[in-house]
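Quick one: the structure is below, questions incoming.
For reference, chains read A, B and C in written order, and residue numbers begin at 1 within each chain.
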Amino acid sequence: MAVLLECQGVSYDYPGRGAALRDVHLEIVKGRKTAIIGPNGAGKSTLFLHLNGVLRPKGGQVRFQGEPIVYRNKDLSLLRKEVAVILQNPDDQIFSATVEEDVAFGPLNLGLPKEEIEARVDEALALVDMTGERERPSQQLSFGQKKRLALAGALAMRPKVLIMDEPTAGLDPHMVQEVLELTEELHMKGITLVMSTHELEVAYSWADDFVVMNLGKVVFSGPAEGLFANRSLLELIGFQAPDVYRMNEEMHRIGLFELTPVPKHMTDLRMKFCRMNGRAMGGMSIRRVDKGELPSITEVHTLISQGRAVGYYGSRAKHLLATMLPSDVRLPGLRGCLDKMVDGRDAMLYTDGMLVPAIMDHINNLAQRYGLAINVMDGWTEEGHAADGWPTG
Amino acid sequence: MDDMFELDEMAYRSAALRWSPAGKFVLALTMLVASLLANTLVVPLMVLLVGTILLGYSVRFRFPKVIGALVLEGIGIMVLGGAVIAAVTPGETVWAIDLALLKITFSGEGITTASMVTLRALAGISVMLFFATSTPIPHFADMLVRFKVPKLFAELMVMVYRYSFMLLDEVGRMHLAAECRLGFHGRMNTLRTYAKMMTGMFIRSIETSERSNIGMQCRNYQGGVGMLRQPQGMSAPWAVLCLAVFLALLELNLFCERCGILLG
Amino acid sequence: MHIMEGFLSLEWALFWTVVSAPFVVYGFYRVRRIIKEDPAQRTMLALSGAFIFVMSSFKLPSVTGSSSHPTGTGFSTMFFGVGVTSVMSLIVLIFQALLLAHGGLTTLGANVFSMGIAGPFVAYAAFRAMTKVRVPTPAKVFITVFLADVFTYITTAVQLALAYGPFLSSLTSFLAVFTITQIPLGIVEGILFTIFVDYLERARPDLTERILPRRVADEA
């Protein structure tokens, strides 16, 4: 496990406002998703600004890739290229008048050649699904769009670490899901992710590692299970273990099933029931949008009327489907499909070929974890989709 | 306040959005200058006509209420100003109003000058509205950079523009909140409410500025921002067009002068 | 109320542009130096510009029944001095021309001179003098803002009188009109800012200290 970012005894205080960080020790591991939780004023945002060198610790040090941060303009510039921080309020981070100019702001500051900047802007806008908005003036965007624009601005730097301060705050549930799916996709591409949030449920289903802060101190760090087992700590910071976690616990207590595997999400919990009842899960058939496998609205209707679920995964699939389907059709993502598969329904998932191995991995992990047989079929060959049938009989 | 939002959005939807800002600007300026140089009413009339057509094209011949309001406001100021000009210009009295305290006399020259000025102002409004409804501020800033105005100035302008809308959003919300709580009930109360709103807005701007500085650092700001899309410059056809319009208007002026049509 | 497009002949339009230019150039030089010394001032300046612009869009009730817009330059003068205010005024006037169709393009120079140079200049001189003799803050703020407004319109009247008719008689006429429409506005804006500074002092005394420092007196 390579540690990318590390805080060693970092302390900081804002002049006249007392200590904001007190002897913080922290490790951000490469390729993992870390959630930082804690009440307002715990020092999360202050910590983030230390990780990209905007603030300089009054005590202790911050290391990136094993080296202490050097607080010289040139070095800081290199650091911020690798470690992108997205502030909570997108308005604090949008400076340019139009969407594409704003995405180009970071790369322009890096002094990259024009073609490179264009390529990055295209890529970042496609990732957040704002290609259609590229020439719109930034002040005419909705809050959710501004959030996505701020994200695109950070992605255009092609960072190794993406640090998001409350990325889901103020968004509607559908958009929260979209943001989370986008981060999953970034994660699959190898970006290390850090997110602060108040929503424990969201953090629980998302993160590999947890860091809990309170009053400028790190009071816990490690995997989620350790945190929720530590009741006294949770109570002290005024948090409650997520519903799914507690439900699993209760069900174990009444002898329904084992405590492990601990479900991280309602779908996971339902998988446990599935296993217990000996019910079979539906299968999944993957369609590759990059090979032109896109459904028409009639096909979608047909599939759904046959009792099947239709979903997409990844920004590219989302974008391409949006061009095919009417705007009022909102298809579920990977997790939504899995949930329907728990009902025993088959699902058709549209995605980019690049993401297929990661999806396979993810589903195989789940299958193993919950002891279920989940059939996934990706029959793509160069000649076309060889197997047109459904994986389960 | 809403006027601004409307004009800004209109500019982004304009049929003439893609025209070179520099071209539009020089064309507008050409017409304005020609109407200032003219000594016959025909030229400002002509400019008014062309300006109105251009404005119509720019808004796709759908004149929203806001334009009407702006024109009316302009006419109000114009009439007032025109009346004063008519009254102060010396010459043979053709019309007099006797008020109890003062006697206002209008000379023939005064009325001619006033109608000339009012027409120029009307023409000016149409031409300016054409430019305003088709050119968002950032395009204008881009154009300034093209004209060798220091980049920092253009940058500041774009930032003021962006922050203006942010503050306007904020003010809109505060206005609503104040209205819900009867903040605009009575004159003194209204003033107090405005002062409170300003305080809120001011504190908010300072805090925003502090946070935006952090935001800039997070995005690797090094001083001096480049631009992805270089603005469209002033192409040769535009230059020729502007020159032609200018000469045509001057020619029109000379012709009218010779024939003595509507001299101002 | 700015001079509208078409109200000044080309000669006068050019004349005022040429007169205003050096002030604006000097102001811009000041802006550049402020930002160079402290890059954080960039956002601060931009936000102040936005603040002035947004405030100038407030429709204040005025005695004549019509509504008027404050100029906001008195405030900016207390904050940054005359040089920077002239640059801010230029930006705000461009915005008013392009977003509200107020003022004009050929009259920009004349309007910058009245709103961004003459008014602030008088206001700033009065402000410094009052700081020296320790006039209490509310009175100081009121008078500074009022003077910035009133001198803006006196200058406008002079500009119009120069352009039209025999100077003295037309100046009195223009002044008469402005007295009716603009003096009340100056008073209203003065009151507005006095309340504003009072509120600010209570909400964020640290900020008030930054705008209305006692340092002008110390400097002298």
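Quick note on the criterion: a residue touches a chain if its C-beta (ideal position, glycine included) is under 8 Å from a C-beta of that chain, and two chains touch if they have at least 3 such contacts.
Note that the structure is a prediction, hence the values are computed from the model and not measured.
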Joint neighbours (chain A and chain C) are B
Kindly work out which chain lies most centrally, taking the average of its C-alpha atoms as its position. B
A-B or B-C - the one linked by more C-beta pairs in contact: B-C
Comparing centres built from CA atoms, which chain ends up most distant from chain A? C
Inter-centroid spacing, chain C versus chain A (mean Cα positions, whole Å): 50
State, to the nearest whole Å, the distance from the C-alpha centre of chain B to the C-alpha centre of chain C. 19
Provide the C-alpha centroid distance between chain A and chain B, rounded to the nearest whole angstrom. 47
Flagged in chain B as touching 2+ other chains are 8, 137, 159, 161-162, 166, 208, 212, 216
Chain B contacts chain A in the complex at 8-9, 12, 136-138, 141, 158-159, 161-162, 165-166, 169, 208, 211-212, 214-222, 225-229
Complex interface listing, chain A residues touching chain B: 49, 52, 54, 73, 77, 80-81, 84-87, 89, 91-98, 100-101, 104-106, 108-110, 117-118, 121, 136-140, 153-154, 157
Under the stated contact criterion, what part of chain B meets chain C in this complex? 1, 3-4, 7-8, 28-29, 32-33, 35-37, 44, 70-71, 73-74, 77-78, 80-81, 84-85, 87-90, 110, 113, 117-125, 127-129, 131-132, 135, 137, 140, 150, 152-153, 156-157, 159-164, 166-168, 171, 187, 190-192, 194-196, 198-199, 201-203, 205-206, 208-210, 212-213, 216, 223
Complex interface listing, chain C residues touching chain B: 1, 4-10, 13, 28, 31-32, 35, 39-40, 42-51, 53-55, 57-58, 60-61, 87, 91-92, 94-95, 97-102, 104-106, 160-161, 164-166, 169-170, 173-174, 177, 188, 191-193, 195-196, 198-200, 203-204, 207
